[in-house]
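Quick heads-up: structures coming right below.
Two complexes are shown next, each including chain A; its partner changes from chain B in the first to chain C in the second.
Our next item is the complex of A and B:
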């Protein structure tokens, strides 16, 4: 089996969310729903000297991710009907005919990737734009990124990067995500609690 | 090279026998046109068509929208897939705003029918009724005639447009029509850049000069940016933010960004952020000059040869011996007699003195050094001086006019100069500064040359009696101090007729007498040039995505009908040309002009391709003035670059300022803390407030697209130290209040803003009752801003502002 995955060059990302916008548009997602998340993380603080001047050791960085099409997908393990499955390219997707919309996948995924579309009655999620991949195109998010920070390809063809081990993502050992990241200088390691999500309302 | 593989039936008919192509890389293409068309065969079988148009709304970018249209509706958007997708390659990839245009085109807030204000109601009451196009156009035509006959052509004003700026039409049809009827009063300067364009460049360089794009950056060089955030608001895939990121990665360029807010250049990209108190840049520059002098880092040879006014030796003859040089200002031997030490500046800017000294060392030793500024700084009080001061910094270290530098002003751009619809000649020569249009309504003939910057006459002869707004949201959104502005508009004895012609019902519509529904540029024929903020030579061709909906109509056809009613129909249309005809004509003229320089497609080929782009290679030449200043003088009065401006020295003697303005006209760029500066905070208004350009909008365009708002909300950024003191948590609802007004918004508690400062994305749509306390719940920052204007340019100084913030219990 081929395993596709994402590569994210965090050193180029400006948090513009064009990846997310392009995805929402192409997949015609309802307001309030998204397959891709752009987390803004910040930490550090400010210090005022006796003369009134300010210095800061604060930092801010973004991480953009969608479904990681994990080697060991939590969503698949909890799916009671087998609707959630991996295809021949390693892409995790929903067999909508089998899905009963129970929402277990949504609860199990540590990346908040699948969710239940109540109107459709089944789970929905990033499918790696597999129709476009079949036509030799790139996923919408990849093609949209003005900074060329995203790639999607069989993982052995992706540039070298660390396996999704950056805060606020969960420990990659949990599900073995197929997201490889070139970290930016401001990045903090998985599990670091000195930083906080600075755009909570935008990633709900 | 790209081939147009899918075409609409309409474009196929026109493009038959022609070929599609695009080019990326100047000089890399030739003979690419004229091949046989391909891949049209599937069209009948497919229910999906690709129609090319673009997003060009005055952010500076001109991004390709490759629209997938099914059953007459836009299904989804791709962007530029021609050219190179590699990092460093050229593709005009649209940002989140352009990619979200499908929801915008289908927005509930679109205008669908002509409307008129209900008789017996006042402007601002918001009561409108649908009318026919005939009634609307009859009324507008008769008002044009009546007001021109009653008050003269100088009483008619056609407002700046932003949402449709830089395309083939802009608001030019109104100018074309008006000029056929006798002309109109015009403005000079723009809302965005008045102080740098009319208060700085002319006096330093004789006009815009020496600007180079980030493409000029050399290996390992230093970039110092004052109040510039290209990665926040110019996000196009071929834009300056992209160019800068490419240079940082591929050339090891180091960037220092001086700004009260951590911009996106200082997040993942890793530029260094030096937080500064808003409006104090000229003080920082004075201290940098102090340290450059102290450490022998002034480029003396350069200054002596090219610069006027740095020191006594370089002063104009008639200004010598009076301690009027910038050197005297910095050393404390002239002007306020205060030495501009790093300690002096640190108390003002809140930047540690040692960081100022170190920065001077870095700037003074970096060759080349790219010193530039954005447009935010010059919109503060005395922004003319702040803008000039950064140019002076670049001059002192000799870092202008050469590869790897810019002017100390903005970054440069270049492209193919596409002409918009010709406007004809305007016999009226009197002009007023753009920012003062409300005062031109209210005070009219009281506005004078030496107090208010009137050009072409000693004063206005008459106030504005007819206001034509097309493609803008100026009346109740994008102009300083909405409450004062709308008070002026409400008085129908002042401005007697107001037209608002736009694509959506903004609050500005509520102040109009007639409101007309426009097509967006994606719904009609459009043609735009790239290169407004970057070095890209390219043209974007736009075809309508679908037939017009409701009763929306585009500006050219509407003005043609007005022209017909006013007896100049044939002259207006030049014998019956349509909007599409003009696109073709202007493009064909362009090909005749620059077709030898660039391999350009025919108009029909261009329509099939949607766009073409050439990357412009940066010049490795010095400016001619640098090579030979005697033979190629600048157009300043001295022929040199001026830190001391004799023109401004004269102005200081002859112009008058209101005492209350706390402004000053100084021949050198001194630091003058204007009103509502950091020194002016009070217990009532303890914070400085600045609005900024954010990824959520371009000005107010797209501001009510809900999908963009979800991704990039309008919020008040406040430092955690201030938030804790004020009992405010992240995402709390808060009220911001200034002396001018009050608004409700949401707090973003973040380290990205320096303590003492609140910043808020600008552009959200004002929503407030016209009477009572007029609290705005639309998160529109101009509810708070003032009518503050700058002394030289008369451009806006409204970003100098103090405010209060309090938590609101929901």
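Our next item is the complex of A and C:
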């Protein structure tokens, strides 16, 4: 089985969210829902030294991610019907004829990737734009990124990066996500809760 | 994270189904004390459908939670791997067993030995079902739920509600039999109250220090101790009514106690779902 995955270059991302908008548009999602998330992390502050001078350790960085099509997906583990499965490209997909829309995949996924669309009657999630991939194209989010910060390919063809190792993402050992990140200098380590999600109302 | 009321249908299921199931334990205890050997046996057998209906209403609640209930039969595909499949399967086994008991009993097809054997089997399955209702939430990516407290509290709620519902079932058939077996119902309810309250408190305490990027889990449900209080107060009222039935069981009072206890457990379940917190996002 080929395993596709995403690569995200955080040194390039400006947090414009074009990837998110393009995905939402292509998949005809409501404004309140999205398959791709862009988190704005910030923290630090100003410190005054004894001589009265000020220094800052403030920082901001962005993390763009969708379903990570994990090697060991939590959503698949808990799915009661087997509707959540990995296809021949390693893409975690929903068998819509089998899904009961119980929402367990949504609860279990630490990346907040799948969710139940009650109007459609099943879980929905990033499918790596598999129809476009079959046509030799890139996923919409990758193609839309004006900074070329995103890539999608078989994981052995992706540039070198750390395996989804940045806050606020979970420990990658948990589900072995197929997201590889080139971190920027401001990036904080997995598990670090000292940074703040600046766009909480947008992503939560 | 968060809003427990968004899982109200699941809260209805986890309130009613274990409660109805564990009510059969009281019937089982009454059976071993000879309750089904007298003239009230036929009425008792008809009344036994009450807890079965309560379980069924719980399952209907769970059905409403699904976006595609017509695909529900696929749920058995995940037995062994999915905690939800395991829960549903155990629940269905319990329900079939209990339904077989009720139907055979009403049809007069049960010998004394077969009745005892079936009721013991149904009672054991009721406890197992309650445990699996808790196990369904032990997912390794949800630290607030992935704790034995999830299982302990579900077992407690089943016994608490089941003890009183079982007594009501007996009282609806024959007040004297209910009086003779009030001790069993009250003991079950008190044990359930202690176990349920301890399990819920355990989970809330653990949630105070469980945090992700959004804060601690307990902070997401500011009213969590209020919900805990609702469970404790409603449980105490229910157990007290069960206890007073040792002198004179009043069906209306027991019915009211069942409702009060169900409301208390429902609030606790809302709190439980509100404490949902993923390991990350």
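Quick notes
By definition in this document, the second predicted complex is superposed on the first by the 196 of 204 C-alpha atoms of A that agree within 3 Å, B and C clash if a C-alpha of one lies under 4 Å from a C-alpha of the other, contacts with A are read in each partner's own complex, and residues count from 1 in each chain.
The definition used in the following text is that contacts are C-beta pairs under 8 Å (C-beta built on N, C-alpha and C of every residue); 3 or more make two chains touch, one makes a residue touch a chain.
Keep in mind it's a predicted model, so treat the numbers as computed, not measured.
Under the clash rule set out above, the superposition-derived model of chain A with chain B and chain C shows the two partners fitting side by side. In the superposed model, A:42 makes contact with chain B only, not with chain C.
Looking at the shared chain after the overlay, A:32 reaches chain B, while chain C stays out of its contact range.
When the two complexes are overlaid on their common chain A, residue A:186 makes contact with chain B while staying clear of chain C.
By the touch criterion defined above, A:133 reaches neither chain B nor chain C. For the combined model, the angle formed at the CA centre of chain A by lines to the CA centres of chain B and chain C equals 130 degrees after rounding to the nearest 10.
Of the two partner chains placed by the overlay, only chain C lies in contact with A:169; chain B stays clear of it. Looking at the shared chain after the overlay, A:97 reaches chain C, while chain B stays out of its contact range. Closest contact between chain B and chain C, by C-alpha atoms in the overlaid model: 12 Å.
Shared interface residues of chain A (contacting chain B in one complex, chain C in the other): 200. Taken in their complex, chain A has these residues touching chain B: 10-18, 20-22, 24-26, 28, 31-32, 38, 42-46, 48-49, 51-56, 58-62, 140, 143-148, 184-186, 198, 200-202. Residues 1, 65-69, 71-72, 74-75, 77-78, 81-85, 88, 139-142, 211-214, 276, 278-281 of chain C are the ones that touch chain A when the two sit in their complex. Taken in their complex, chain A has these residues touching chain C: 37, 74, 77-83, 97-104, 107-112, 116-118, 120-122, 167-171, 174-175, 193, 195, 197, 200, 204. The touching residues of chain B, when paired with chain A in their complex, are 76-79, 81, 85-87, 93-97, 99-100, 102-103, 231-232, 235-237, 239, 241-242, 245, 249, 262, 264-270, 273, 275, 343, 346-347, 350-353, 355, 695, 706-708, 710-713, 719-721, 730-731, 748, 750-752, 754-755.
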